[in-house]
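Chain naming follows the written order as A, B, C and D, and within any one chain the residues start at number 1.
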Amino acid sequence: MAQKKEIRIGLVGSGLMGRTHANGYNRIANFFPELEYRPVLKAVCSRNAEKVQAFAEQWGFESYETDWKALVAREDIDAIDICTPNDSHAEIAIAAAAAGKMILCEKPLARTLAEGEAMLEAAEKAGIKTTVWYNYRRIPAVTLAKQIVDSGKLGKIFHYRANFLQDWTINADLPQGGTGLWRMDVDSAGSGVTGDLLAHCIDTAMWINGAITDVSAMTETFVKERMHQITGKVQPVGIDDACLFHCHFANGSLGLFESTRYARGHKALYTFEINGEHASIRWDLHDLNRLEYFDHSDESIVRGWRSIHVTDGDQPYMNRWWIPGCGIGYEHSFIHQVADFLKSLETGEPCGPTFKDALQTQKVCEAVIESANSRSWKDTGAEAIG
Amino acid sequence: MAQKKEIRIGLVGSGLMGRTHANGYNRIANFFPELEYRPVLKAVCSRNAEKVQAFAEQWGFESYETDWKALVAREDIDAIDICTPNDSHAEIAIAAAAAGKMILCEKPLARTLAEGEAMLEAAEKAGIKTTVWYNYRRIPAVTLAKQIVDSGKLGKIFHYRANFLQDWTINADLPQGGTGLWRMDVDSAGSGVTGDLLAHCIDTAMWINGAITDVSAMTETFVKERMHQITGKVQPVGIDDACLFHCHFANGSLGLFESTRYARGHKALYTFEINGEHASIRWDLHDLNRLEYFDHSDESIVRGWRSIHVTDGDQPYMNRWWIPGCGIGYEHSFIHQVADFLKSLETGEPCGPTFKDALQTQKVCEAVIESANSRSWKDTGAEAIG
Amino acid sequence: MAQKKEIRIGLVGSGLMGRTHANGYNRIANFFPELEYRPVLKAVCSRNAEKVQAFAEQWGFESYETDWKALVAREDIDAIDICTPNDSHAEIAIAAAAAGKMILCEKPLARTLAEGEAMLEAAEKAGIKTTVWYNYRRIPAVTLAKQIVDSGKLGKIFHYRANFLQDWTINADLPQGGTGLWRMDVDSAGSGVTGDLLAHCIDTAMWINGAITDVSAMTETFVKERMHQITGKVQPVGIDDACLFHCHFANGSLGLFESTRYARGHKALYTFEINGEHASIRWDLHDLNRLEYFDHSDESIVRGWRSIHVTDGDQPYMNRWWIPGCGIGYEHSFIHQVADFLKSLETGEPCGPTFKDALQTQKVCEAVIESANSRSWKDTGAEAIG
Amino acid sequence: MAQKKEIRIGLVGSGLMGRTHANGYNRIANFFPELEYRPVLKAVCSRNAEKVQAFAEQWGFESYETDWKALVAREDIDAIDICTPNDSHAEIAIAAAAAGKMILCEKPLARTLAEGEAMLEAAEKAGIKTTVWYNYRRIPAVTLAKQIVDSGKLGKIFHYRANFLQDWTINADLPQGGTGLWRMDVDSAGSGVTGDLLAHCIDTAMWINGAITDVSAMTETFVKERMHQITGKVQPVGIDDACLFHCHFANGSLGLFESTRYARGHKALYTFEINGEHASIRWDLHDLNRLEYFDHSDESIVRGWRSIHVTDGDQPYMNRWWIPGCGIGYEHSFIHQVADFLKSLETGEPCGPTFKDALQTQKVCEAVIESANSRSWKDTGAEAIG
């Protein structure tokens, strides 16, 4: 076997996303053995020394840090993977860029458009490679959806609708802020479901269907006050518990988006549907190996929505896994992103979504929040993304 | 409008099936206005005078009888429709044939093969028109399944599987015999689920896939004794609560059938699936407007089971009803059978299943019971049916 | 049997809705025999004498008219049933009210709010009984949804979302206007999907979840010009091909609505979902006998969305029909409305939605169109409906 | 962290199952960090030196062998994992037992009951720990099904039905024998779908519902001759392409099983359903994260099959993985089996199914084949399994 090139990773953050990314790096050798680059888990960083040490042991990092600045300063690291709460994305990314590190950043890019712009500027100035973990693109059924649309099978697109429904914050006694609950604290998160969940929907939508040009949104905060885990005080809730918007895409199709954490019965129901002139597509994260497809050119008496079990070797990424009928899971989307990132080092192509791509999603999120606050339509200024 | 020819109906029995048939006749004028024949509800017969009078008023019968022999003797009746418990099918049918009446008989044809043979002999001797109410054939999705198979889309058939699962007799306190419960009494019913439910599955199967040649079966009676509603005594239960069998079809395909009234959660789950060389079909009575269809010739990356909503005008019978997407119900299968029977009077063609067809199903049922009792394979002697 | 009181019907219009209503009246004797009132099909009215005569024969009307004014003037008619295109609802209804007739009017109430207000004023002045055929309320699963919400099982409601998706107008060669296509002509229809489809969604929503207070909408006309069937000329298309809006309900919940005739693969996909604090509900017209229900109080390891097959005798209207597991169809919703209307004559209670109720839906529709045209939020002024 | 005890693995076979097992061992450190034992991938063995070396590199084995006897003879190996075609299971297992190695053997245990008995005898004589890779037991939804049945929620069991349907051998040009196709060659495989697919169904069934006591089966070989990949000659096909059987369980319930590789449209449709007095359960490998559950004690108007998305932390194994709503895949069942095997080294408990358990499944398979061949019922002699 030819000697592989190393890409030495420094991971910041050891929460849920830290685990999904670490798992992603660890699976490459087994499932993408042909890649020229191999990730080396050089160091993980988190504030609590005992916990980060345990994380490093569990996931096979060679070392650990408790200060991200120390991590960024290390010479033996090529790429910084940012898995921290949103409020530190910008600061870490800008420092990493300044240090000439590649950056793999969790989504959303930042809390605000301004932060995101600063990050992109820093990255472009440094000329570094970037990617943002909008992982759902790389679930095989979603990638197949993109492939189908790109093939022209749908013809002109009329409608794109997506929602991301959860129910984990209905309980009014749930606190906000701190470990595990920073998504409830507007200072840490920047926004509620808009940045956390709709950002995923927007990234997928613009990747498949082009730029969203203008939006009209509404938001709601159902529980107005929650105890803050860190201060111990009851404080106003600043995030959006729910966000709904409609919009235009640049290609003339209409978009409809909804997200909430108050949809009883839905754990993580991310669905989208695309209606075209000739065909339509539906997908649902809860049954992630399936893609539904309707083809109007089928003979009329036997025409119907097809339930495609996306587990065959000729479907995206599936030649890496098992046998037809045997599905894969959520975590595989992260493995695929690592593989694509490594491949992009070989080819020199970008590994979308880059910071620039993710900034377009940020523009839509910002316009959505502004639209909801002002009860008016807002132009997004977003460009098409790769 | 040209004057229509009358076909004067005498209905025996006023239970559930009496209602479905009466409704069938009543809908013809509205939904099949072009037919040359129109049914006239001349008389209904049932033992209880008060009840049968109310039934006649409700359903629009001109008169009523309390003795079926009186009904059969009436000159003003062209066709006898038999909706009584199974133990009177043979006697009534033979008398009706002798009187030269056409016969529309509820399924199963009879309690036993011997009874059925006598009925067929009487009908053939009298040269009368017959039909048996295996109504599920005429649910549009089922008729479409037949049409698809006949078109050759499936190629060689390998497998046919069907089941009919219910759960209404699990309660051991449910009595047997008498009104509403004669299906639990072997003297009235002849058998349990075999004649009541599997007979439907067998009729559909042989209509679509040809004759069943030999069977290997097992039966079970889970509750061994039940109070008899008429005698008031606890008596042995003589029916089969469950029946399972596998078989060969004449075309070389394998059949698998199961029926029970002890499948908790299933009200009337009649499903069948047919696997052919090139395509497969599935159907489920609980969602009767849908047919599932898999076509292996679809492009591989977008291949999957299609869920066909059988509500378009080019699908069987649906040009009679509403608009695409708006389904019909269980009762419509009976309306279609009346329409087809009336049409057969115009054309002179048989209206399957005739007594002869239904006798083939009876042969399979008898072989199934014998196989279960003897724990051995049995040849059925059944011929293909129309 | 006690002599029934007659309610003599004069039906205006003989299209699809004429058929569904006529069928509704014709089924009452068979399925609701206990009602004090019985509908008598006195006359049907339509412009083409030959066609209306055939319709009268097929559906059992005693006579026919070709001028609705003659029909309204007849002494032997108690109730006028309006099934004409939307542009004549107001004129006919106002005349019928002036003549002291009860009115059963197809939805939407009118083309515009102003027309609807005039109709309500006329009806109130005349003191007549009114009802509007928002038939989906009376599909058993939908009625059950209302019953579940009213029981308090959902607790506080957070979200209500509904859509009504079709695909029959995608073909740009489809003309507008005239028989069968008046829904495409803004002069006849008043609006496109808003009045035709969203009006259904809004009626159900306000019936179950209370008044919609303010809306933010967008509309689109994908095909800008179509040949007009009557003029034979290519003319601008004035209807909305698609309409999307979000809104607030008076109870604080958020609503999301979408309708289009450009959703390839959907014939008549009317769905709604309600998310409450404790439970959620979903329904889909394509599988109209099913209601999905999620109850958070179920034991956690076995908690999931329940698929309720609404065919048991203890579920709304189902004691009228067949046996558990055997579904009913689209047409039954109209039969139920006739039955409820007749029952309301006995009780003196209104049979919702009355003109007053339907006017609230009209207010929302008008606000939706205004909002879309002005790209701004609009208050609806709608009140709660019965 | 305390030093872990090593369990040094020698893997024989590098095909699909070699990959699933290797992946299983590789994931333990990340997902089951608390286990006392850690697997060490000491050596992998396969005949082709080049291929096995590549496999060793890809999966992280320290060394490789090309002769399994050399592997078994190595002192530095504690456990032999057998992933070879069925015809070598017995020889390797007996040698490994003689060498005092623990054994993890792919299913089915052996080609024949006689081979299996010899294997068990050798293992018992050697006093070694054994387990057989009936992996589907450890899909969380399946484990949950077992837990639900054991809890008594179903009450008395009436029915158990399972099938395993594939379609990959329909093409008559597919050869038999050799790499990738040894399952088609009776000498290598012992049987067709019976040992390959039904064995899985039987293991799950007896684990959940107790011993199968007697069977009545039929088999079919649809394509009678196929070219043999090794000899290059057209030879008779000795395997069963399809197998169907019904049976009794010791608890009085009835079983129905079917497997085929000729069910067009099914990639790997392993489903089972259990009907009990109070509740029922269904599962389907194609949607492996879901379990369907019907509880008759639910209030009648809102009673229905629940679709449980088995991805919550309180459901079996799921506290190891991600977040509610985010599913796992096929491969995880193998990871769970490794974890349970390692745990069993700590506790000293068996890790079912042991050789003794798997031999009971072998008894049923043998009785099934004998029953089919003799067209008669056969007692299985199988005991309950753990």
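Heads up, the rule we're going with is that contacts are C-beta pairs under 8 Å (C-beta built on N, C-alpha and C of every residue); 3 or more make two chains touch, one makes a residue touch a chain.
Since the model is a prediction, treat every value here as computed from it, not as a measurement.
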Furthest chain, CA centroid comparison against subunit D: C
Of A-C and C-D, pair with higher C-beta contact tally: A-C
Where subunit A and subunit D are represented by their mean Cα positions, the distance between them in whole Å: 36
Centre-of-Cα separation between subunit C and subunit A, whole angstrom: 42
Between subunit D and subunit C, distance of the C-alpha-averaged centres to the nearest whole Å: 55
For subunit A, residues that touch 2 or more chains besides their own: 266, 290, 305, 309, 312
Pairwise touch network: line, ring, star, complete, or other: complete
Contact footprint of subunit D on subunit B as seen in their complex: 154, 158-159, 161, 165, 167, 170, 216, 218, 220, 222, 242, 244-246, 248, 254, 256, 258, 260, 262-266, 275-280, 294, 296, 305, 375-377
Partner subunit C, residues of subunit B touching it in the complex: 1, 16, 20, 22-23, 26, 29-30, 33, 54, 57-60, 166, 168, 266-269, 285-290, 309, 311-312, 321-332
Subunit B to subunit A touching residues, read off their complex: 144, 147-148, 153, 290-293, 295, 298, 300-309, 312, 314-315
